[in-house]
Every structure is written in C-alpha cells, then in structure tokens.
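Next, two complexes with subunit A in common: one pairs it with subunit B, the other with subunit C.
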Partner chain A sequence: MTTVLLLLLLAVGAYLVAVIEAWTTSGRLRLAAPLLAGIALLGRESIVPRKPDQVFFEVAPVLLLISAILAAAVVPLTPDLIITDLATGALFINAALVYVLVALLMAGWGPDGAYAMIGGWRFLGQLIAYAMLIVMPITAVVMRAESLLTTQVVVSQAGLWNIVYQPLGFVLFFIASMALAFLPPFDLTTSKGELAGGVEAEYTGVRLAIFRLGRLALIITLAAATVVFYLGGWQGPLLPPWAWSAIKILVVTATMLLAGRYMPRIREADLLAWCWMFGIPLALLNIFIVGVLVLVFP
Partner chain B sequence: MFFIGFFGLAAVWFGIVVFRTFSMVRSALALLFSQTALGAMFLSMQAEFLGVLQIMMMATEMSIMAIFMVMFMMDPGGLGEMDMTHQKRLSLGAGIVSFVAAVAVAVFVDWGPVATVVPDAAQQTIDLGLELLGRSMLIFETAGITILTAMIAATAVAIQPGANSTTSHRRRPVSTNNPLDSGMRRNDER
Partner chain C sequence: MINGARQGKLSGLRRLVAAAMSRDLDAFLIPGPDIARAHGLDIEAAGLRLAVSPRHASVLLVVGAIPPALREAAAVIYAQMVRPRAILVLGTEEPSSLPAADVVTGLSQQGLIQGVHQLRGAFAEGAFRLDVSDFDAPVLQVRIEYTCPMHPEVVQDEPGSCPKCGMNLVPREAQAGAGHAHMDMQATSSHEHHDMDHGVAVEYTCPMHPEVVQSKPGSCPECGMNLEPREAQTESMHEHHHMDHDAAVEYTCPMHPEVVQSEPGSCPKCGMNLEPREMQDTQTHEHAGMDSDADHGSMDHSAMDHGDMAFMSMIDVTKDLPRSGDGLPMEWIDAPFGPFFPGLPGGLLLTLTLDGDTVAGSDARSLIENVDLLQQLPMDTMSFVEQLAGMDPLAPVAYRLLACRALENAAGVKASADTACARIGALERERIASHLGWLALFGQQTGFDWLMRRAAALQLKARHADLEQTVALKPAIQALTKQLQRTPLLKSRTAGIGRLAPDATLRGPVARAAGISDDARSMDKIFTTLGFTPANRKEGDALARLHVRLDEITHSLALIEAAGAIELPVPANIGKVSGTGEAVVETPRGMACLQLTLEMGEVVAAQLETPSTHHLTLIGALIEQQELGDALVAVGSLDLSPWEVRQ
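Let's turn to the complex of A and B:
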C-alpha cells in the first residue's frame, strides 16, 4: 500500500517538476501543459533510426526511469512513508543513481547517431566530475548520523539541520546533484543548441516520453534526497511531517531549476577541472570538519 | 537458494555474451550486467552492503572501461565484424587452468562451519568497516594500488607514441580525434 502511494506521489512530483520547469523557462504557470505535451508525445510516431543497437535503444529510457524509482525507494517522506528502509539506504541511493549513467550511455550509443553519441560520452565525462561530490558529502552526512539508514539521517538532524552543520557539504551536493540530473548549466548531455538535444536527439514518441518522465522523476528524487540529507527531512513546526517534506522538496526543486537559468552552460573540460581542483579538496575538508565536530561535540 | 542459482546463471550467461558480440560497448555492458548479477547474488546471500557496493562500483567501472575500449579498438561498433581475439589456444588453456584452480580452491579449502545466524545488515556494515581498517587494510590498499598501476600501464602501452598527441610537431595530416567527423563519415559510408 505504501509502495503504491509513494509511486503515485513520485508521479505527481514528476508532473510538478515539469510545471515548475516550464514556469522557470517561460515565466508562465500552466498547470495542464505537461499533460498536453505528454499526450502529444504518446500520439506521435515513434521513429526508430536506421541501424540502431536495438537492445540499448529500447532499454535506455526504461532504465533511466527505473534507476530514478529505485533511488526514490529509500527516501523517506515521513518516518513511516518509505518504500523500504534499507540498512544501507544512503549507499543504495548512489548505487541506483549510477545507473543513470548506464542509461545515458546506452541512449547515446544505441541510436547510432553522432549527436546522441557525443551526448552519451559527455555524460560519462560529467560523471567523472560530479561522482565524488555526491559520494563524499553523503559520507559526511552518514558520519554524523552514524548510520546508513536514511530515516536515521533525518533523526540525527533533530537539533540542527545539516545545512547549518555542514554547509560546505550541502553546496557541493547541491551542485553535484544538478550535474547528475543534467540540469542547466550542466545539461551538456542533452544540450539543445549545440547537440540538437544530444541523447534525446534520436528519440521520439513513446520512448521520448518515457525518457523525459525518467528525467523528471530523477530531478524530484534528487530534490527529496537533498531534503533528507541536509534540510531535516520531515521535521518542522506546526504542519504535519508529510507537508513539511512536500514543501521542502518543492522549494529545492524550484531552486535547482531556477539556479541554472541564470548561468551559461559550463564546458566539459572546465567542469572536470573545477570539480577535481576545488570540489574534491573541499569535500575532503568537509569530511574532516564533520569528523572533528562529531568527535568534539558528540 | 533459487535466487543464488538464478543470478549465478545470469552472471555466467552475461559473461559469455561479453565474447559473443563484436560491439565493444555491448561487450563492456554485458560484463557490467554479469557483475550486477554477482551483486544480486550477494544480496540473496543477505550480504546487503557488499551487494549494494558491488552493484554501485561496477556500473562506473564498466562504463569507463567501455570508453577505453571504444578509444583503443579499431572497430568499436563491431560493424566491420573484425575478429579481435588472438592467441586462441593459449587463452583457452589459461582459461581452463584458472577455472580448474578456482573450482579446486572452492572445493578443497576448509571454509569452517557454516554460519547459522546471519548478523543484521547494520551490524554487517560495522563489522566490515572494522575489518577493512584493521586486519585487511594492507591487502586492500595493495590491491587498489596494483589495479591503478595496471590501468596506467595498460593505457601507456596502448597509446601509439606521437599519433594523436596535440603537443607533438609530427602531427598526422588527417586528425581522427574529432568524434563528430568520424561519426559523420561512418554514416556516409553506408
């Protein structure tokens, strides 16, 4: 029952992401637009390019959606509203999200098109930049909670949210999760202007609809993970826990989508250089600071 | 038991697929799914941390391996159906010997009594952490450094000196390192 409810909530969340994304780009709030766009996509012919790698081409959009859903499975909205409270939850999120990369590589290689392939390999480069900045801040979060249980991570923030306790980790994780969700300014892999949509370029119809749904689910999952790791999850005064989770997740989503709108797309080489020269040392510093704090003020 | 057998067979099957395809990317991803099946075997043996870790690490590693294979192979898409195997008898012999050795280790080593009670997943994580930072630290660090050295050495051996180097003055007239170019040309050829 909880699983069905959470999957429904994930679908609603993905829909709201689409509404907010259109709002941040066009400035108009149109609630029905994603529904109409979805119906239009479903009605369109689903073209298969010449000589595709059939398996990859078909599997990629589904795999993207599945990895987003699996990651969402260990994100709690209230103490009880979670699909499975795994003892290795904080690690499991990483494991599920890595398959976003596999899906995008497949989507890039599968159609046998130049733009798609460049987009796919670009995401691999992007992973080498952002991966450590996802894992290392989570390590620091887990160090404070002394548990990999995501519910325990939320409970550990009862006195002070992690955004205050480890602001450095929050900033790094926030940027890295934008890169993971290939949101602007990190949308190198699906860039509209230079790659004609990149990995999306060869997809049409139903397959594109699933791909886009997977991307939306990924964004809302990452926003929910940010809330759980840094913003105290369901905690807050007056309102019930689910309401706090919902409000925080939507605010984080809107911030992610808005932040990218005001920045130019970042070049691959610059992203890699900055992440490795500044990001990883800062993430290590964050782990060190949190380690000292945990030891000094247990 | 059923799941262990199922994922075991899946791992073996994907391992076979690695050598049955001509496409380097398919080959790398088949190896990934073989390793993922091994991770699922860990999960069905209730070793949660090891299973999740295996599933996570392999995805990145195999994807990176895919790009290395695409970079260094002459026919990464397998469209030319070029035979990339060589020294067949030697590798067959080496394969059989290592298979027999692995089976012998599995059968003849005294593994001690089988655990009747499995510690819960959180306890396993704690035990594993203490083990990795204690008794097994040296082994893991050595293995890590060895793999890194092997990767750097393999890359260094595979690069043709001066062929694609941007700093070299003896640059070849036709540059093939622009993926857009080669992609376009490949389409035209068909």
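Let's turn to the complex of A and C:
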C-alpha cells in the first residue's frame, strides 16, 4: 500500500517538476500544460531510426525511469512513508543512480546518430566529474547519523540541519545532483544549442515520453534526497511531516531548475577540472571537519 | 485537416489526443529563430514552442522566402518529423519540394497568431485520418551504386562484377550529393564502404580450402591456387550483427553468385561455405523507410564494435584510423551542423569532422545562394535598392543605406545633413537590434536561457522603435550589461575561445575585438561630429567580441540620441545620369563596400563586398582541434550572416 502510494506521489512529483520547469523557462504557470504535452506525445508516432541498436534504443528510456524509481524507494517522506528502509539506504541511492549513466550511454549509442552519440559520451565524462561529489558528501552525512538508514539520517538532524552543520557538503552535493540530473548548466548530454537535443534528439512519441518522465522522476528524487540528507527531511514545526517534506522538496526542485537559467552551459573540460581540483579536496575537507565535530561534540 | 496526418480513425480517445495536440504545438523554424526574430516574430507569444530537433516538432514553420538549397534541406527536415505534422508558411508562396502548406498567412506577428489559430483547428479536426499518403521528394531519394570491395575506384550504377578482379560488386548508398548534406541527414554510406575507407583488415584464403587463411597474398599450400582476398572474419561478424536488425539476409557462394538460398549451408557446386549478404530488395526497403526513418549522422555502428572486440586485435582494428593530436586512434565521423542548427545562424552549413568530440576538420558554407543577385543587372535604381535591402534579412537597413549612398555618389548627389543624420539613426538602431539578436542566439547556443529571452525581447522592442522608445531602452540595456558582467561561467565559457590574431581579413566587431580599430564610421564626418569613438578590445577571443558588441549597443544608443532622428534611407531621385560610384557602410557585422556603374539612370554593373564572406574563410583554422562546444561558440561569436555571404 505504501509502495503504491509512494509511486503515485513520485508521479505527482514528476508532474510538478514539469510544471515548475515550464514556469521557470516561460514565466507562465500552466498546470495543465504537461498533461496536454504528455497526451500529445503519446498520440504521436514513435519511430525507430534506420540503423538502431534496437535493444539499447528501447531499453534506455525505461532504464532511466527505473533508476530514478529505485533511488526513490529508499527516500523517506515521513518516518513511515518509505518504500523500503534499507539498512544501506544512503549507499543504495548512489548505487541506483549509477544506472543513469548506463541509460544515457545506451540512449546515445542506440539510435546511431552523431548528436546522440556525442551526448552519451559526454555524460560518461560528466560522471567522472560528479560521481565522487555525490558519494563523499553522503559519507559525511552518514558519519554524523552513524547509520546508513535514511530515516536515521533525518532523525540525526533533529537538533541542527545538515545544511548548517556541514554547509560545504550541501553545496557540493547540490551541484553534483544537478550534474547527475543533467540540469542546466550541466546539460551537456542533452544540450539544445550544441547537440540539437543530444541523447533525446532521436526519441519520439511514447519512447520520448518515457525518457522525459524518467528525467523528471530523477530530478524529484534527487531533490528529495537533498532534503533528507541536508534539510532535515520531514522535520519542522506546526505542519504535519508529509507537508514539510513536500514543501522542502518543491523548493529544492525549483532552485535546481532556476539556477541554470542564469548562466551559460559549463564547458566539459572545466567541469572535470574543477570537480577534481577543487570539488574533491573540499569534499575531503568536509569529511574531516564533520569527523572532528562528531568526535568533539558527540 | 492536415496533410501530414497520422493514419487512424478520428474517434473516441483519438479525438481527445488530437485536442491535446492542438494545444501543444512544437515548431521547427525554417530558416531559423534568428530570422524569425529579425522579422519581429515572437514565436512563444503566438503559442508555439521552439523545437530543436525535427523529431520533436509537429509544425514546420517557414518564415519568409527561402532560397532553393534551403528548400531541399527543409524537405529533409519535414521528412524527419513524425506524424501528425503540419506546415505553416508565413509571407511567401509555398516552397516547392515540400508538400502543400496546411496554413499560409502573412509575415507578421498578427499573421503568425492567426496561422497558429488555424493550425490548432486543423490539428483538432484532422490529426488522424484514414487515407494518408507518403511524402516523397527528389531530395530524399537514395541512389544505390555498386562498388568492388577490393577496388574502391570501381563504382557503377548497375550490379555486376568487378572488371579488375571479377568479384561481385556490393551495393552501397551513393555518397551524399549536394542536396543530401543537410542537418542530421547525410546519406549514410553502407557498412562496406565505411569500413573500406578505414582499411579494415583483409585476409587471404583459398577458394577451395577455406581453412587456409593468411594475412598476405600468396598461393595455397594444399593446391597451389592463388589465394583470394576477403574481408577479415571479424568483419563478416559485424555484418551479421547488423543484418539482424537491418534487413533480410540471404546466403550465396562467393564463387558461384547464382547460388542463393535463404539459409546458411554449403554450395552445391563447390562445397564452399555460403556467405551471408543483405538481400537485394533492401534498397527499396531502406528507401521506403526514408520518409520517417531518416538516418542521423554518418556514423554507424559497424566500426565501433559491440561485443565482437574480443576476436580482433586493437592494433589491427585501429592501424589505419587517422591519428588525433594526442596520438589516440579514434573513429572520425562527419557530422553536419546546419543549415537549421539551433545554435547557429539559419542557412549556415557547418560540417565538422569529429575526432571524439574534437574538431579534426571542418567545412563551412552558406546555403543561401545570393550570388546571382547582382547578375540580374541592368536594373532601375529603385528595384536595385529594394533588391539589396532584401538580400539580408539580418541587416536590411544597412544594405539599403549602402545602395542609396552608392547611387548618390555615382550621380554626384549629396544627401542633406539632416537626412544623413536621420539615416544614421536608422543604421544604429539596426545595429542595436542585430547585436541583441546575436546575444539571443548566443544564449540559445550556450543554454543561457535568461539571456536568450531577455535579448530577444529587447530586440523585438528595438527593431522598429522610434527615437523616444529607443532612448527609453537605455536602462534595460544597462541592466543587461550589468547582469552579464556578473554571470557565473560566462567568462570561462568564452575567454580564450576562438582567438583571432589581428589580421586584414577581420571586419567589424570581430576586428575591433582583436585590437584593430577599423570602423568605417570613423571616416564619416557626421559620425565624428556626433561624438563617435569605435569600441576596442585587444584579446581577440569570443569574450572580447561579446564585450565589443555590448559596448557598441551602448554607443549606438548615444549616437541615436545625438542624431535626434530615425529615418529609413530612401534613394534620392537621381534622374537619367551616368557614372560610377562607391560607398562604404559599417553594417552590424562590419564594413560592406559597394561599387556600381550607372548608365542613363540604370544600374548596369555592381560589385559588393561583405564582412561575412571574409569571416567564413576563417572558420577552418579557428576551430581546428577545438572541443565541439568551444568550436560552436567560436563560430557563433563571428556573428556570420549566411545571407550576405558571396561565394
């Protein structure tokens, strides 16, 4: 029952991401637009390019969606509202999201097109940049919680949210999440102006609908994970826990979607260089600081 | 009703779907959003969304008249769109090579809004239809030619055997012709051809003893026959792999072509193992698929292996591949960017040879053939001015002024000081709009959404603003400049990219960004009295060009304020005079120069030199060995207008 409810909430969340995204780009808040777009997409032909790698082409959008759903399974919205409170939850999120890379590589390879192919390979480079910055801040978070249970991570922030306790980790994780969700300015893999849509370019109709749904689910999942790790999850005064979760997740989503509008796309070389030259040392520093704090103020 | 309806009965659920489609229209623009903005169209305000890939578009929006080469490219784009699809044409007769337009309206925002309204109705009523017809155009035809696997120089239209070695010729798609080199539609060469280019390993085997295989020619140790060449085993595995999803496969004897069967086995005549090949009728099959299944890019999977890699030596596979700058052998691919690429000016076709994501070679040309524009002479002066003004939709005022000045110089007439001042107002207003249009395109290319929207909105305002409205733009321009100064990533995205040394081929803002203060306006007395000083930067990179254009917008605002009037140039009545004249105008892209000869009041000869013609030749050296994103920024920063390129 909880599983069905949470999958339903994930779908609603993905829908809201689409609404917010349209609002951040066009400045108009249209609640029905994603519904119309979705129906229209389902009604359009979904064609297979001429020389595809059929398996990769068909599987990629589905895999992207599954990857996001798997990660969402260990994110709690309230103490009880979680699909499965895995003992290795915090680590599992990271493991599930690795399949985003696989999905995008397959989507790049599958259709046998130059733009898609370059888009796919670009994401491989992107993974090398962001991957450590997902897992190292999570390490610092679970050090404080002394547990990999995501529910325990939230409980550990009862006194002080992690965004205050380890702001450095928050910034790194937030940026890396945007890179993982290939949101602007990290949309190297689906860039419109450089690759005419990149890995998305060859998908049409129902396949494109699934791909876009997968992307939206990925964004909402990462926003929810950010809330759990750094913003105290469901905790907050007056309002019920689920409401706090919802509000925080939507605010994080909107921030993620808005940030990229005000800057040009990052250069791939810069992304890699900065992540390794500055990001990883800072993440190590964060782990060190949190380690000291945990020891000194247990 | 729309011509590109999807097959099906419009009933029940489909009616709902069609209604949703009519509210959700994505448009692919021909020749491009830059031209739409230059014509004052606000696509999103009219209720359309911009699609960057034809695959995602349901409406092909043709803006204004488009030259023949672009029409063909547009047909390819249309073929790539999935059904239901419609064509909306603004302000021109229906372009041949496309099916009949579903809606034709005038080239104005009003016309666009009206057209979108009609399209919505057409989609709701006719997105599905029982009788749909295929779209076919000459440009979409794939020509099959036959070539010998061993002698690439042997190419013929008919199947047969090689005059040199007697081997059966293999079919392949003809190399991309002029009409084929469009957006992601370069005719994909067949696998065989592709591999030959890069010299896939060939091995030699005895026709009688297939177990004898060696890497060099020679004779068979068992029977003494000459060994025959064939593509290495791994290659046939590739083909096999592809055939699984490509086409029906038949089996034939390498020695007895008349032996053909649908299953593997051995030849009843010589006992050799039959070899698989694609069935002849795949040609028609692929051909028919062209309508919607057009291929993308000229890369195919055969050379980058999926799973058979274990069987081949990497050294063998890569030995004949071209070497990159870093010594790593990679599969090079040719990818077309344009002529309708979302991050480049519409009409510009940039073909990049990519080594990974690094540019190994490039070819840039304009598909807008304006060459014969000046060959329609003699012409009366009025139509000459109109012709030249209509040549470049991105800078109509500058070319109108150029024509007027050249005519007046030839006739020895001088425009009054007031008129000259007011003309400068119009020229500078166009410069503001043009630079803003460039900023919007730059924003679009780099995914800088805010800049794209802000600059486009300002461009629409500035385009036909009167003096008061232009001056009122000042705070908005200042705010834009300020925002750009504190935009994160902007500097790293542009600094050092597309660096050009000061050089005589540079014109306009590109030259002034490289430290050459070369500006036709400094030679003009009226400009100097208005207090003109040319913008100047030294770095010569994309960032410097961005700054120069921002500076020039501010300068132009000041000039318009000083000029105190805006008036479109109108040619003076010069009567039936004869003479020669020359004029120079600093267009938004740089100095354009026109020489003309008048005879009895008619233009009989004219010579035009434009900045983009010069800049187009710079591209090759500019982007060599650059990463793809940087290369596109570098090309974009030149602000080329394919419309003024004279090849």
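We take it that the second predicted complex is superposed on the first by the 298 of 298 C-alpha atoms of A that agree within 3 Å, B and C clash if a C-alpha of one lies under 4 Å from a C-alpha of the other, contacts with A are read in each partner's own complex, and residues count from 1 in each chain.
Simple rule for what comes next: contacts are C-beta pairs under 8 Å (C-beta built on N, C-alpha and C of every residue); 3 or more make two chains touch, one makes a residue touch a chain.
These numbers were taken from a predicted model, which means no experiment stands behind them.
Student: Tell me which partner A:L105 touches in the superposition: subunit B (first), subunit C (second), both or neither.
Tutor: The first partner, subunit B, only.
Student: Touch check for A:L86: first (subunit B), second (subunit C), both, or neither?
Tutor: first
Student: Taking the superposition on A as described, I'd like to know which of subunit B and subunit C A:R265 touches: first, second, both or neither.
Tutor: A:R265 contacts subunit C only, not subunit B.
Student: Comparing subunit C with subunit B, which touches more residues belonging to subunit A?
Tutor: Larger number of subunit A residues touched: C.
Student: Look at A:A196 in the shared chain and tell me whether it touches subunit B only, subunit C only, both, or neither; answer first, second, both or neither.
Tutor: Touch partner of A:A196: subunit C, not subunit B.
Student: Mind working out whether A:F174 is in touch with subunit B, subunit C, both or neither, as first, second, both or neither?
Tutor: neither
Student: For A:G205, using the defined touch cut-off, is the partner it touches subunit B, subunit C, both, or neither? Pick first, second, both or neither.
Tutor: second
Student: Which of the two partners, first being subunit B and second being subunit C, lies in contact with A:F229: first, second, both, or neither?
Tutor: Neither partner.
Student: On the A-aligned overlay, A:I118 touches which partner chain: subunit B = first, subunit C = second, or both, or neither?
Tutor: Both: A:I118 reaches subunit B and subunit C.
Student: Touch test for A:W161: subunit B only (first), subunit C only (second), both, or neither?
Tutor: A:W161 sits against neither subunit B nor subunit C.
Student: Would you please give the residues of subunit A that touch subunit B in one complex and also touch subunit C in the other complex?
Tutor: On subunit A, the overlap between the subunit B and subunit C contacts is residues 51, 53, 109, 112-114, 117-118, 121.
Student: Considering only the defined contacts, which subunit A positions touch subunit B in the complex?
Tutor: 51, 53, 55-56, 86-88, 91-92, 94-95, 98-99, 101-102, 105-106, 109, 112-114, 117-118, 121, 124, 127-128, 131, 147-149
Student: Would you tell me which residues of subunit C are touching subunit A in their complex?
Tutor: Contacts found on subunit C: 6, 14, 16-18, 20-21, 23-24, 44, 52-53, 55-56, 58, 82-84, 127, 183-184, 188, 242, 245-246, 286, 289, 292-301, 306, 333, 335, 341-343, 354, 356-357, 443-451, 487-490, 492-493, 627-630, 632.
Student: So in the complex, which bits of subunit A are touching subunit C?
Tutor: For subunit A paired with subunit C, touching residues are 25-26, 33, 35-37, 39-40, 42-54, 109, 111-118, 121-122, 184-185, 187-188, 191-194, 196-197, 200-205, 208, 260-270.
Student: What residues of subunit B sit close enough to touch subunit A in their complex?
Tutor: That would be residues 23, 25-26, 29, 32, 48-49, 52-53, 55-56, 59-60, 63-64, 66-67, 77, 120-122, 124-125, 179-180, 183-184, 187, 190 of subunit B.
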